[in-house]
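The following blocks contain the structures, represented as structure tokens.
In what follows, subunit A forms one complex with subunit B and a second complex with subunit C.
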Partner chain A sequence: MNRNATVWLWRAASFAVAASFIALWQLVANLKLVSAVFLPSPDRAWASLVRGFSNGDLWSKLAGTLEHMAYGWLAASIAGIAIGAIIGSSRIMRTYVAPSLEFLRPLPVSAIIPVAIAMLGLTQAMALFVIAFGAIWPIMLATIHGFAAVEPRLYEVARSLQMSRLAVIFKVALPSASPDILAGMRLSLTVALILSVVCEILAGLDGLGHWVLLSARAFRSADLFAGVILLGVTGYVTSVAMSMAEHRLLAWQASQR
Partner chain B sequence: MTTDKAKEKVKALILPLAVLLAFEAWARATHLQSDSLAPPSEIIMALAGAFADFSILAATRDTLFSAFAGLAIGAVIGLALGIAFGISDTLNRLMEVTVEAIRPIPSIALLPIALIALGFGYRMEIVIVAFACVWPILILSRAAVRSIEPRLMEVSRALRLPAAQRVWKIIIPAALPRIFVAFRLSAGIALIVAVTVEIAINPLGLGAGIMLAQQALRPDLMLAYLVWIGAIGYALNILLVVAQHRLFGRAALSGDSA
Partner chain C sequence: MVNAAKRFEVIPGQPRPQIAFTGVTLQLGGKTIIENLSLGVRPGEFLCVVGASGCGKTTALRLAAGLYQPTSGRVDFDGQLMLHPRREIAIVFQDYGKALLPWRTAAGNVSLALEAGGMPSAERPARIEELLRTVGLPGHAGKYPAEMSGGMQQRLQIARCLAQEPKTLLMDEPFGALDAMTRQGLQDEVLALVAASGATVIFVTHDLDEAIYLGDRVIGLLPHPGRIGIELAVNLPRPRDQLSTREHPEFLRLRRQLFDFIKATEQ
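For the complex of A and B:
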């Protein structure tokens, strides 16, 4: 048997195992071993998912969450790379500023939410600020690290070519730090999704977080599970998309090594 | 050497001190009246007050209890699955789709489910923290078990150790340094998730304390909580890094721990 066929066979077996878990879940729900208030059967959750998409409810919630996530994450990426580049490319900034940032890193970012609410109220702006603030750390610190770890000889070459500081950043440091930066951006994606959900729950902003909370309050467990499944799919799809983008963007590196 | 290091540390302190002093001066000069900001001196006073009436200590206890209980449960489950998947490639391949389907669910999305199933309180928070901690421990311990020197496994086979003894005497000791790294990462996640659950919904611990201070329009107390939460996160991180160095030295950093 060739290798490709083996891989597919394993994958099929793995899907079969997952399907049997869902069947088990259906069985548990059908036998009413767990109250349907907490655990809807998978067919009910699926029906709720289909209904939500066909009447457009879930589309708008999904769009709301993706919008919060995307804006916050993009803002964090731009600001994180810019600030990280400024700090990382200067020795002075690295000695004076970077330690403060390292000190702030273990802070659970969600603790900034009350402060953001006090400043901005329960608004979209608050959500965007919180998401961007939370997502900026992995990107910024990865950028600083990437800039600091650039092969020193590349800097020497740049100096002997008399490149300007901007040129050094864009032509030498950024490409060389890009694996670190992209890894940071991937971490931030998860942070952005979690903070989007939290902000939607707290501020009642239109999105899946708000949807699952309302469903739970009304004990509509099928809708609740549909929302949670959709959030899982969102997490999965965004991370796969990020991996593919990473693969694409770093293809030049793989071919060099 | 040491003076250089001390100098670096002093340099690192200049910026935060300057920011704090400037902020204090600005707040005094403008007679700051705000619902969201307070000068550092008032924050320190509020923190001292919260310590004096033990409110912040009780909240800290609640948060750390939930975080560590969830971490312990998540670590045991994650470790058991990680070791099983690491030993048996068949099991790992069969479970791949199931694991990859559940893992991307953001832990906080389980909050409403835990809420209706368990109500407010410690239990729902612990369940969510445990869910969040399972995955990093599962993935890293699986990798750790796989990278064990094959000869060790051959020895255990030659000795005909029963499976339980093989896990206990060979696999866990050999993979322990890297398992501890996974545990350290998860401890940080546990604290973050616990605080997040409290801020989002659960009327318990530090997260609830900071939300209450915000709603009571006490920016000094709110920022005092923020500083304290940051200090706990920092202390936990330092503690575990030091423990890792003490216990395992450089072994944790390299895959081939002899």
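For the complex of A and C:
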């Protein structure tokens, strides 16, 4: 069997699994095995999605969540790459700073939230800080690794060309580390989404997290599920978009395999 | 090997050496890699360096490149103390796969040297095309190194070095990893390129035939620690030819002498 056909077979199979999962959900709801207060049927969740979008409610919530996620993730990316580049390009820095990083890294971000709230209040700034703090780790660690793993021969080429320090970073080190950095950024995207929702729930900031919380409190299970589905779609779409960007940016790697 | 330190002193009336080692000793990690090496390379000279593995020939080349600083003694380039690598000295590394930027195309890799030299971007494409044509890679500008054969990658590295417009070309076993046919072709191309540019060359190799075929002079190093063991002037007519030069009685005599030397060092 050729490769292409295999790929399509796998896709069809995974689609079938998803479809039967929804069918099962519909069946459970129709048979009223679980109260409709807690479990809406898929068609009701869908209707709520359509209604939410047509009256604009869900649009604004989705925009709020995307905004939190994007700002936090971008801040984490910029800071993570910058700090990671500084640490990764110096062996002395790696030796001195690495132990502190190992202490901070496994710290659950949820433990930081009360501290952030105490310092910054229930504000957008607090959300930005928490999301960025959580999302920075995969990016920073990947950047450190990427910078530390640059082929030494390339630095010698750069030296013999008498390239400036800045040129070495932008023309040699960063592109060489880019596969690691982009992989870190993809992992951080998920972290940023999770923390956006957490911050919206805790701080009552406008977004899907807040929508889900309010719907649950009001026993509007169809709206609750609509929000959850939308969050799932957001995670999926952003991750696919990131993969596509990676594929494009790292086209040169394809020829190496 | 008599009084090696004195041999390469500047003699009045002779051109100043482009690269001069004066009593150079290099210690790395407490080991003496090179001891009291003195050597002058005339402008435009093609000097080949041979020796058993571990004799410090690559290290000597790195000293000439300014990538290492001697523990004692000095290395001069055009009469100036060498304190760091310079753009006038280009290095062709043996491991071409590691010395090229895998994320840049052939054109991009050549461009790196032009960018470092401050050439305006508008002038680069024409120069890149010219350089790629010079090394026999026309029409490969858009290929990534990984899409090229070993011989092509080494040509590309040579193109990048030529883009530096070097006064001196340092080559570290550049053809060691290539098959015999590719190697012979590249030997002739390098001779033609060097003749056209007038660059000084230090060429490190473990292939004695290659050293005699290419060089104006061949130096054999002795190991532990590295020092000069033999020095042969190669008075073979140029341009060299893969068949007639290699059959020349002088070629065979030098070859014999060099083989005997290497054999003796290995005992």
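Rule of thumb we're sticking to: the second predicted complex is superposed on the first by the 239 of 257 C-alpha atoms of A that agree within 3 Å, B and C clash if a C-alpha of one lies under 4 Å from a C-alpha of the other, contacts with A are read in each partner's own complex, and residues count from 1 in each chain.
Here is the rule we go by: a residue touches a chain if its C-beta (ideal position, glycine included) is under 8 Å from a C-beta of that chain, and two chains touch if they have at least 3 such contacts.
This structure is a prediction, so every number in the text was calculated from the model and none was measured.
Colleague: Based on the superposed arrangement around subunit A, label subunit B with subunit C as either clash or fit.
Modeller: Once subunit A is superposed (C-alpha atoms), there is room for both subunit B and subunit C without a clash.
Colleague: Given the touch rule stated above, what does A:Ala216 touch, subunit B (first), subunit C (second), both, or neither?
Modeller: first
Colleague: Quick check for you: in the superposed arrangement, does A:Pro108 touch first (subunit B), second (subunit C), both or neither?
Modeller: So A:Pro108 only meets subunit B here.
Colleague: Which partner does A:Phe21 contact after superposing on A: first (subunit B), second (subunit C), both, neither?
Modeller: After superposing on A, A:Phe21 lies in contact with subunit B but is clear of subunit C.
Colleague: When both complexes are superposed, which of subunit B and subunit C contacts more residues belonging to subunit A?
Modeller: Tallying touched residues of subunit A, the top partner is B.
Colleague: Quick check on the superposed pair: does A:Leu31 touch subunit B, subunit C, both, or neither? Answer first, second, both or neither.
Modeller: After superposition on chain A, A:Leu31 lies in contact with neither partner.
Colleague: Look at A:Gly232 in the shared chain and tell me whether it touches subunit B only, subunit C only, both, or neither; answer first, second, both or neither.
Modeller: A:Gly232 contacts subunit B only, not subunit C.
Colleague: State whether A:Leu154 touches subunit B only (first), subunit C only (second), both chains, or neither.
Modeller: Second partner only, subunit C.
Colleague: Thinking of the overlay built on chain A, is A:Ala5 touched by subunit B (first), by subunit C (second), by both, or by neither?
Modeller: So A:Ala5 meets neither subunit B nor subunit C here.
Colleague: For the combined overlay, can you note the least CA distance between subunit B and subunit C, rounded to whole Å?
Modeller: It comes out at 15 Å between the closest C-alpha atoms.
Colleague: Taking the two structures together, which residues of subunit A meet both subunit B and subunit C?
Modeller: none
Colleague: Could you please specify the touching residues of subunit A with respect to subunit B in the complex?
Modeller: 10-11, 13-15, 17-18, 21, 37-38, 95-97, 99-100, 103-104, 106-115, 117-119, 190, 193-194, 197-198, 201-202, 208-209, 212-213, 215-216, 219, 221, 224-225, 227-228, 231-233, 235-236, 239
Colleague: Which residues of subunit C touch subunit A in the complex?
Modeller: Residues 65-67, 84-87, 89-91, 93, 95, 98-99, 101-104, 112-113, 115-117, 144, 146-147, 164.
Colleague: What does subunit B use to touch subunit A in their complex?
Modeller: Checking each residue of subunit B against subunit A gives 8-9, 11-12, 14-16, 35-36, 93-98, 100-102, 104-113, 115-117, 188, 191-192, 195-196, 199-201, 206-207, 210-211, 213-214, 217, 219, 222-223, 225-226, 229-230, 233-234, 236-237.
Colleague: For the complex, give me every residue of subunit A touching subunit C.
Modeller: Answer in residue numbers: 151, 153-154, 156-157, 159-163, 167, 171-172, 175-176, 178, 252-253, 255-256.
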